[in-house]
Amino acid sequence: MTELGIVKRNIQRADQAATERLTKLGSATVHEAMGRVGLLKPYIRPIYPGAHIAGTAVTVLLQPGDNWMFHVAAEQIQPGDVVIAGVTAECTDGYFGDLLATSFQAQGARGLIIDAGVRDIKELHAMNFPVWSKAISSKGTIKATLGSVNIPIVCAGAMVNPGDVIVADDDGVVVVPSAWAEKTADAAEKRESFEGEKRARFAAGELGLDMYNMREPLAKAGLKYID
Amino acid sequence: MTELGIVKRNIQRADQAATERLTKLGSATVHEAMGRVGLLKPYIRPIYPGAHIAGTAVTVLLQPGDNWMFHVAAEQIQPGDVVIAGVTAECTDGYFGDLLATSFQAQGARGLIIDAGVRDIKELHAMNFPVWSKAISSKGTIKATLGSVNIPIVCAGAMVNPGDVIVADDDGVVVVPSAWAEKTADAAEKRESFEGEKRARFAAGELGLDMYNMREPLAKAGLKYID
Amino acid sequence: MTELGIVKRNIQRADQAATERLTKLGSATVHEAMGRVGLLKPYIRPIYPGAHIAGTAVTVLLQPGDNWMFHVAAEQIQPGDVVIAGVTAECTDGYFGDLLATSFQAQGARGLIIDAGVRDIKELHAMNFPVWSKAISSKGTIKATLGSVNIPIVCAGAMVNPGDVIVADDDGVVVVPSAWAEKTADAAEKRESFEGEKRARFAAGELGLDMYNMREPLAKAGLKYID
Amino acid sequence: MTELGIVKRNIQRADQAATERLTKLGSATVHEAMGRVGLLKPYIRPIYPGAHIAGTAVTVLLQPGDNWMFHVAAEQIQPGDVVIAGVTAECTDGYFGDLLATSFQAQGARGLIIDAGVRDIKELHAMNFPVWSKAISSKGTIKATLGSVNIPIVCAGAMVNPGDVIVADDDGVVVVPSAWAEKTADAAEKRESFEGEKRARFAAGELGLDMYNMREPLAKAGLKYID
Amino acid sequence: MTELGIVKRNIQRADQAATERLTKLGSATVHEAMGRVGLLKPYIRPIYPGAHIAGTAVTVLLQPGDNWMFHVAAEQIQPGDVVIAGVTAECTDGYFGDLLATSFQAQGARGLIIDAGVRDIKELHAMNFPVWSKAISSKGTIKATLGSVNIPIVCAGAMVNPGDVIVADDDGVVVVPSAWAEKTADAAEKRESFEGEKRARFAAGELGLDMYNMREPLAKAGLKYID
Amino acid sequence: MTELGIVKRNIQRADQAATERLTKLGSATVHEAMGRVGLLKPYIRPIYPGAHIAGTAVTVLLQPGDNWMFHVAAEQIQPGDVVIAGVTAECTDGYFGDLLATSFQAQGARGLIIDAGVRDIKELHAMNFPVWSKAISSKGTIKATLGSVNIPIVCAGAMVNPGDVIVADDDGVVVVPSAWAEKTADAAEKRESFEGEKRARFAAGELGLDMYNMREPLAKAGLKYID
């Protein structure tokens, strides 16, 4: 239930070792390894290219045009966390800038995912605090209405529970339920391990048609070559 | 957790009496009464005007372009239910038409909410089976990949648990957590009861400025009248 | 200048006779007659088909998620006015419903144009109070922050001054500056007067190519017929 | 090749009998019967509900903000045709209104599909001339630049050749290549013929799970029922 | 009034000293300092990151697909100006490229804001002429229809008068009415001056909850901490 | 006709010399030189700035969420080709990543244009394989349904035939029909050759008003200067 005015202090963070393993993997590999669930909609984009993080979720439910809960959330951050925020209605305001980023970074946060807007883009880049957002906007927010911290939220179409692992890079953002962190890391690493050999074979000119034995199933499906 | 390949058979439906009371109330009143959470994004629109339903949620998680789970869901429908469906990725395909509607209606469903497309609009209207959807599309779907039925889902930005009450009308769609059904019905009916008197006073020409004693707070906030 | 916290009481309404003449003309004809300026963006749509109004503008500048100024505006309405509202940031909330509509109608307003959302669609239709809006949403608004009434505003990309004539029908919404009301009515009526004869000739099978003598300019422009 | 300034006079219209058979079938059924190609994007919507047409395509390539070619196209219309228009760039202008509709109808056109805007909605409805469009807009167009008539065009993501069959109803718009008209009518009628029996069985409470023998493939795919 | 075919030569530019002071401030700070009005919608984005300008507005009203007025505007540019352009209808065409940029830069313009598209992105970056636009498009424009220069315009939802100060950076674009330039510079500098100390305290680990004394108002609003 | 399950092996590629000449020209210049047809919609954007390619089209028709045909297409690539892909329905999935890029690059492809999503952005940049796409998404695709290779396709609103020249840079993507390659190269080079002199004159402060003799036509059109 989306209850307002709640801060949950003790949350069950995903296994730390599994989280660190996921930090080395890309969002695409992790998404595949999970069976293709948990992806945020692709309108969520990094504010600058090249960032790549993973960490445990501190969730924030925001009200439209109001970033009060970010200050409440700051106190709940532990080193290695990623803050992830949904809003109760669509909003593109700039909820977050360099001051809050300084605070979050000082508490140990690795980045922010927000289904709304941010500002101070240049400063956030300079201080190396990555954000994935729906919009960039100069418009600030007020501090007047309660949301919640560390309750289950919806962010860009994905359900997030506090303590889940968030993996974010240039390709997008994936949520790994905390109970699945280890098995997902296992599966993702396994996928990754096969890639080097395949890349070499592709680079040498071998075709996927042959590497994956696709010619027969394609013919069965009815593919016709014409000249 | 968004687990695939699961059908939960025994779900805790919201209190029936409370559900029937909510059926008589509009989505706007219910949303206010809940403290302004639980609203689906306004891109979800009724396929024809004038429908107004409430019922207990049978949730469906669909794969893009695949409506297999709707047949699985049909068996889980009880009279008074509303089927509500999310998709693991954005899709506008026409997942649902008059045949499935005939099946759902025969099982007792009052309507469908879907974060994707539907088709057979004219037939659905004729048979009085209301649908709220993101799109209308002739494009059909296949039956190849598992989703789930009666797990927690995200639909148009809102979290839905099986058994929650869904209230839908021309203004939009609201999700009332099953545990809140009674208190929400209480609060919503109370709001509603005040409306008749207010409407009469407005119709007689009284201003909201006076009815709600707004002149003083407006002046305090700094409102200036100029000529 | 977009100043907040201002209500202008004495506005110069467009000539009443010209306004009534414009009431009989469609938005498309009026837009042409003005030289193709003054049109609101086409995402502004009527909440039900068939409404057609014209009236003098009472302008409202709203804050996101806050409809306080509508109550202030109600007192400024005179019979024959149309209320037109912009917002300082993008918002789809349902700012306006049947209670406010009862108040506006009692004061003599002919309709509402709003660059945001409305609700109580069914009731607004039943009471015959037309609205052109960007969205329909159950989400209500608060009353906490000042906007302004009867200052120049931007609504859906168009500049509106208090007292301008607003013409709205199924095709869209056009703003006629008050100083242009008469000459626009003249020009629009003239355009309209030619239409009947043209319609008859088209219905009889005459081609626009001949009626407008287009064959020569088309040939000059290089049009080639092939078989 | 998208050549400008061309009018092709003699086009090969699809077989008339096949076209009439397709007129009785819905866009969804026809799209399935064709193997799921040929559908216009679902942002193309009818301007009023309930229209259902099929006819042979007269194609028009328009320039942005310029409807000159519609007058050229009018001369190429034969009874039973549907005019379908693409634009060389995105545009929402109101290219078409009641005068042109009178002309098209007089020449025998059954309707218009346009990847842009139209106006005079109320009049088009009154005269029963259906249009499927991307937008509704009061904004008119000029007559200054050449496009083409009866060349291959792209409309809302679909390729259309002159003479193809266009099927349009409340669910969307489908293009049937003229060479495929008969076999598509065959396949679509066959699909349709099965529907009555299925509908009766669904109405009697039979489940799709049983009607389509889905229980075994679902179990094989790994579907788990829990309580 | 949006009059076409007008060029105003003598415009009242904002105070030069105030403009230079605003050049050193970000769009977010300036927007706050103005009381949160004057912001362009966030779909207006810089074509390359890192640019930051302020200057006095030369306004241009363009017709869709027609950039004739840019040549007229070039003559009205004075060193320190920023050109800002609206369009009478939605358009994404590439109105502006490296040749016009060379001309504008030679006349002393600091950049361009346009509610449409631009092209020659690579060249504009190389010559350090920043543009904030709605789109990037190879599609050129013609020179056939009159707009206006230095009349009041609407650009991306904001009203702009010639001579206003435009502040643009990676976060967005803000319009400061010329009469407000000084007081806005005062207020913005004051806001800015507090930021350094706050940043240091956040970096040292102090929480906003304590720095801004939020704990009591949060408790009063009903915030509950649970474990 | 959009036929599924077809691979055309022998396609007529555009003249190689003309293609190489077009490689040196920008998409904007080429689009003008062709008479303003053939442009992909501007939502197609490069995944990293600065890439600029031209090559002969290998076309791919994809099914939603299915990239099987890319492996079939790889075998049809010849050095100097550009792969260009449309989808039978709207989709933002990540169809293409670094493994397929390695394969395409090994076969001699210069880049990819896709009316859907891609992933492995960082790796694609590092290996210098440019892509122009509608979206970026971690979501992978399956290999289950046939599309076609080297048939006429629609990509982002443009018709593409196999063998056409594709020109892509930071401004967008243009399709040059193979039969037009030479004359387009001629016309584009001619346009380009005039630019250097104009740039120098603009840089020296000459106005377009004078350079293009616009003062008289502007006056004729009715332009009025006021002070």
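Which chain is which? They are A, B, C, D, E and F, in the order written, and residues in each are numbered from 1.
Criterion: a residue touches a chain if its C-beta (ideal position, glycine included) is under 8 Å from a C-beta of that chain, and two chains touch if they have at least 3 such contacts.
Note that the structure is predicted; figures quoted are calculated from it, not measured.
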Shared interface numbering between subunit E and subunit A [over half = same, under half = different]: different
Rounded Å distance, subunit C centre to subunit D centre (Cα mean): 31
Whole-Å separation of chain centres (CA-atom averages), subunit D against subunit F: 28
Junction residues of subunit C - those touching two or more other chains: 36, 39, 89-90, 92, 139
Chain contact graph, described as a line, ring, star, complete graph or other shape: other
Pairs of chains in contact (touch as defined earlier), listed by label: A-B, A-C, A-E, A-F, B-C, B-D, B-F, C-D, C-E, D-E, D-F, E-F
Contacting residues of subunit C [partner subunit E, same complex]: 1-2, 4, 35-39, 41, 88-90, 152, 154, 157-159, 161, 177, 179-180
Footprint of subunit E on subunit F - complex, ascending: 26-28, 30-32, 36, 39, 42, 45, 49-50, 52, 169-174, 195, 198-199, 202-209, 212, 214, 218, 221-227
Complex contacts: residues of subunit C adjacent to subunit A: 64-65, 89-93, 139, 144
Residues on subunit B engaged by subunit D in the complex (per definition of touch): 5-10, 48, 68, 70-72, 74-75, 92, 94, 97-100, 102-103, 105-107, 117, 119-122, 135-140, 143, 145-146
